[in-house]
Amino acid sequence: MVKDTGSAIQEVTRSVHNDDIGEATRLELYRSQVIIREAEQRAYDLFLQNLVKGTSHLSLGQEAIAAGFATAMKPGDLSFCTYRGHAHTLARGVPVEKVLGELMQRDNGLMRGKGGSMHLTSEEHGVMGSYAIIGAHLPIACGAALRAQYKGHDDVSVCFFGDGTTNIGAFHEALNFAVIWKLPVVFVCENNHYMEYTAIHEVTAVKHPAADRAPAYGLDGIVVDGNDADIVYRTAQTAYAKARAGGGPSLIECLTYRHSGHSRADPGKYRPEGELERWKERDPVKIYRERLAQFGISEAAVTAIDTEVRKMVDDATQACIKAPPPPEDILFTDVYADGGWAWRN
Amino acid sequence: MVKDTGSAIQEVTRSVHNDDIGEATRLELYRSQVIIREAEQRAYDLFLQNLVKGTSHLSLGQEAIAAGFATAMKPGDLSFCTYRGHAHTLARGVPVEKVLGELMQRDNGLMRGKGGSMHLTSEEHGVMGSYAIIGAHLPIACGAALRAQYKGHDDVSVCFFGDGTTNIGAFHEALNFAVIWKLPVVFVCENNHYMEYTAIHEVTAVKHPAADRAPAYGLDGIVVDGNDADIVYRTAQTAYAKARAGGGPSLIECLTYRHSGHSRADPGKYRPEGELERWKERDPVKIYRERLAQFGISEAAVTAIDTEVRKMVDDATQACIKAPPPPEDILFTDVYADGGWAWRN
Amino acid sequence: MAELTYREAVARGIAQEMARDPDVIFFGEDVAKAGGVFKATVGLYEQFGPKRVRDTPISEQAIMGAAMGAAMTGLKPIAEIMFSDFFAVCFDYIANEFPKGRYMSNGQTKCPLVVRTGNGAGSRFGAQHSQSVENWCMMVPGLKVVAPSTPRDVIGLMAAAVRDPDPVIFFEHKSLYAVKGEVPDGEIVDTLGSAKVVRPGTDATVLALALMVPRALAAAEKLAAAHGIQVEVVDVRSLVPLDMQTILGSVGRTHRLFTVEENPRLCGWGAEIVSIVADEAFYDLDGPPVRITTPHIPLPAADNLEDIALPTVERIAQTIRRALEA
Amino acid sequence: MAELTYREAVARGIAQEMARDPDVIFFGEDVAKAGGVFKATVGLYEQFGPKRVRDTPISEQAIMGAAMGAAMTGLKPIAEIMFSDFFAVCFDYIANEFPKGRYMSNGQTKCPLVVRTGNGAGSRFGAQHSQSVENWCMMVPGLKVVAPSTPRDVIGLMAAAVRDPDPVIFFEHKSLYAVKGEVPDGEIVDTLGSAKVVRPGTDATVLALALMVPRALAAAEKLAAAHGIQVEVVDVRSLVPLDMQTILGSVGRTHRLFTVEENPRLCGWGAEIVSIVADEAFYDLDGPPVRITTPHIPLPAADNLEDIALPTVERIAQTIRRALEA
């Protein structure tokens, strides 16, 4: 990780291979990435079978970011996600069945099908919602952090969003707001180099959509390799520690790439030839398997995780396929806190 | 004027006294500032007499910015103002009577009282509106500049706003938009150090609300002494030339201070003792009178302008006092382009 | 009993709730040290300090988002949007975020906050600072919407709004800030969703909100004095929840319905209520329901034009009389 | 004659106008090289090039503001807001800027632009990507608002919108994009402000918009076949200007009024029309006017829930039959 307060922000594309992280955490980081990889791949397969309805935005290729930030969190820390939130939801420990069930709009889904793929929320896991209007959740994360500060709680609010999101107004307002009140919030830009189908550099005035804006809020410009879970994990730890110590917000840009299209229907044709292939060489799961080997973790331990996760995702899939659709009466529940929807007497 | 692409932006508080501007232009700059000073002071007096209704936001103390930017414009260049837009409207040559008439909501007003003090507009003078929702007009100015670029026109769109405006989302969107499309638009932040009653430094993450954000859009951070009309004029010339040459937008922060309160009812008590007095020593009209003397312009020439302007404002005031209120039937005109308001048949 | 202005009632209402519940915080532009541009929050900063009463930058989206995030996680924020016209720069929170989270999460999340705002015309501020935008909020499922017309109701409904577990949009009328009214001592807590019959009558039901309530009342007195027409005036007070029982009850007695709306005509709250009454009480009606609204135009700045744009006592009285005599 | 999808009609409508008038430009997110997320603008970039068809950043306020500035100074921009739900992030332009400039400037400035957007439900996208928000625009004085239901109307109304000197909000229904319809060859230019009687009938007037038009028609066929009830279906098409002549004419013949609205209930366009009809044609009505709407709730994602939330053919038919038989 490189911090730089000036305009020439250096990029780090390889982690320093020190062993501060430790085997247990490394296995956690790996398992988290594999769960995301398998569950997202399954979501895609289920979509092809017409079992995932509506839209869905996968994080294939971006697993290291979710795994790294979530693994560095403590219970009680809060995640604020976008429509591309499956990965972050899974990384906080939400069961795969709950996530796939929601994508399949079944009664066993995380929100029983009422929210859908773009709005995964699991309050008990600290997943405070997935927001589908670009930028909206950055100020909301500030509010959660304001509560922590006000109440003297030591949790951190972590807000994930894409490169394209840095060009909307709410981004700007949230960053300034967080800094002036020194809020314990960490803004994580997953720079996967594209908005939906448009390359981010075509519509952005600076090279690094997040980091090059950091100095506009008195923050350090931080760019890290988002495909290396170790680097992400360490970056997260530093930012959380700063936030908990009253040091205020951080803005972190993680360089990455999505392996699939933007959403369910997108074949991703707008990407220049070879680009996907080049990024696949830097597949985060592949990188991390190598990392584990470098640190002498046995192939058996790795394969055990692969097998366990595969089975978990298979079981979840079966459970979802068997699950009924939501009952019709929940159409009218939970509009208001009294459980109902009455707007009149 | 100092340009600096890094984070340490230098401030210039005194102009270099070279004589590139010339006597004719200097007299124009002076006259423009005196017109604003006298008209705004008159508006204030008329408010005390209960003859200016609604609200009104004066530019007393900020005259050099309006004078400098307008004097450097060509006919056809476009001004986009805020509710604090009297100065910019007058500086483009709109008669004082039209402005005071609008503030007094009379039939002789610029918009016959339909818009009021916050919405001065004079299409024929290139004053493309005064906008009272913070930030709204920055994107609008981009659109006018897009038209110029598209049509191959060589006019520049100049957009004036305050320091507080740099913290709203539309500011951010407009800046990025203007840069990626290289639009011939000049953004002018009049940093008078306060939003309404709150000091800008209390709510802004950086020292220079505009200039410290410029690098976030790949722009130079430019801070100038906004109370020195020569400096403002030269800064404007440079920015306009760049825009006309296809070099894209500029963002300029002009340091200044308002002598009166935020709006009609505000006594300005939130300002620390002595602050107003210190700034009054740097009164732009006073500075410019000294400047004229330095360049050997006779006191007679200066006094002639003072006298002429005073008479103009007096005459305008008399005309406004005599003018009737707008006729009631214009309540229903000009909602739509057909001149009427019919929303049904 | 004390006589308070509507403006003072705002501060007292907020203070009552902040004193009661340490989780209530309040923020907005210029609301703290300066006491608000309408001076409606004077004294709160001094009483509750800079942690609980905060000045913000001009960042309405951040204000609204921060209120929501705080509300979701345990606070009870009151956020000010200075003029209701500015809802347009943070409308995503009003339309898409506050009101949908609970539903989308299948009841997992909450959003107990209050947005208070200066609404309405009469100050000669022109088209962008004078609108009545209650319908911008009423039309959104999941919000609650109130608009008090008296100092007493300001306090009572503010308390109800702060204590309510759902997002409440609280419309204060700028032209009522200086109006005085009797307010009882001690804690005042009202209920959302209750309209008030503020003048009984037999010949017609007249629904009004906020600034239109005193005007409807004045028109009623005029009609009674000059024409012996007795109209029943109902202060709707709360658009969501909407007290249709009181409204339908009144129409059941009077058999005629009028609405007095400050909003421009199309899709105002009166349209909704007329459509409900026309459906559910069609056979109670002895004549057409009539809406008296500001015409469907932007508002002019000039005083003489603004005065004739809004429903006047004269226009209200005349419209009712003509309709009843037709 | 050709058979086109509604989606293809959008591109053809825009192309027709861009070919005619070099001052027409078009921009929005992913609209150019990718042809739009709904593929409704495929081919325009290739045909008209990068100067006239432009991809923008995710900056809805900049998109709308830029459209306005360009319109004020001589261009005729068409701007896309991908989903109408996102009007909430740029609502200031819709509510406060586009529609007020001309009025405030006493007629000095103009704003001839078109905002086109994907509106409505049916795609299982959930609460923030499925709304019908025509009333968000209808309620604002100074806008014009259209919502075509057929490919032919898409082209004709697009042309009318682009040629209109005022700001027009153009609602395309996402669930109609794949629907096919006959479209005559050559230029098509329709008129704003004209409703269409799409099925004549004698027993009731049924007003519908966009996706609700085919549903109302299907319900009408059902009622005719099963119960011999002949309803007249009117495609409202344009909410502002509103063709009250056609609507009042129809009610004058049928004596009953129903609205079929996709929007959540409160303050929908049907409320407004019911309030006008109840006032102006009260004595023409033989029974209560009835609104058939999506309930006043956020929309769920799940297909089975979304399907029962929106007015179905079944619900429309049943509601009408019960009301007529009551």
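As written, the chains take the letters A, B, C and D, and residue 1 is the first residue of each chain.
In the analysis below, a residue touches a chain if its C-beta (ideal position, glycine included) is under 8 Å from a C-beta of that chain, and two chains touch if they have at least 3 such contacts.
What you see is a predicted model; the values in this text were computed from it and never measured.
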| item | value |
| --- | --- |
| More contacts between chains, B-D or A-D | B-D |
| Most distant chain from chain C, judged by the mean position of its C-alpha atoms | A |
| Approximate Å spacing (C-alpha centroids) for the pair chain A, chain D | 36 |
| For chain A paired with chain B, centre-to-centre distance based on mean C-alpha positions, whole Å | 45 |
| Length of the line joining the C-alpha centres of chain A and chain C, rounded to whole Å | 40 |
| Residue list for chain B, restricted to those that touch at least two other chains | 112, 114-116, 119, 131, 133, 135-136, 167-170, 173, 176, 180, 202-204, 330, 335, 341, 343 |
| Set of chain D residues in contact with two or more other chains | 56-57, 59-61, 85, 88-89, 92, 96, 103-104, 126-128, 141-142, 240, 265-266, 296-298, 300-301 |
| Contacting residues of chain C [partner chain A, same complex] | 25, 51, 54, 56-57, 59-75, 77, 92-93, 96-97, 101-110, 112, 141-142, 144, 164-166, 193, 240-245, 276 |
| Touching residues on chain B, where the partner in the complex is chain D | 78, 110-112, 114-116, 119, 121-123, 128-129, 131, 133, 135-148, 150-151, 157, 169-170, 173-174, 176-177, 180-181, 330, 333-339, 341-345 |
| Chain D residues within the chain C interface of the complex | 85, 87-89, 91-92, 94-96, 99-100, 103-104, 126-128, 135-136, 138-142, 240, 263-272, 274-275, 278-280, 282-283, 285, 287-291, 296-298, 300-301 |
| Residue ranges of chain A touching chain B (in the complex, touch as defined) | 5-7, 167-173, 175-176, 179-180, 202-206, 212-213, 215-219 |
| Residues of chain B that touch chain C when the two form their complex | 53-55, 105-106, 112-119, 131-136, 164-165, 167-170, 195-198, 202-204, 270, 325-326, 328, 330-332, 335, 341, 343 |
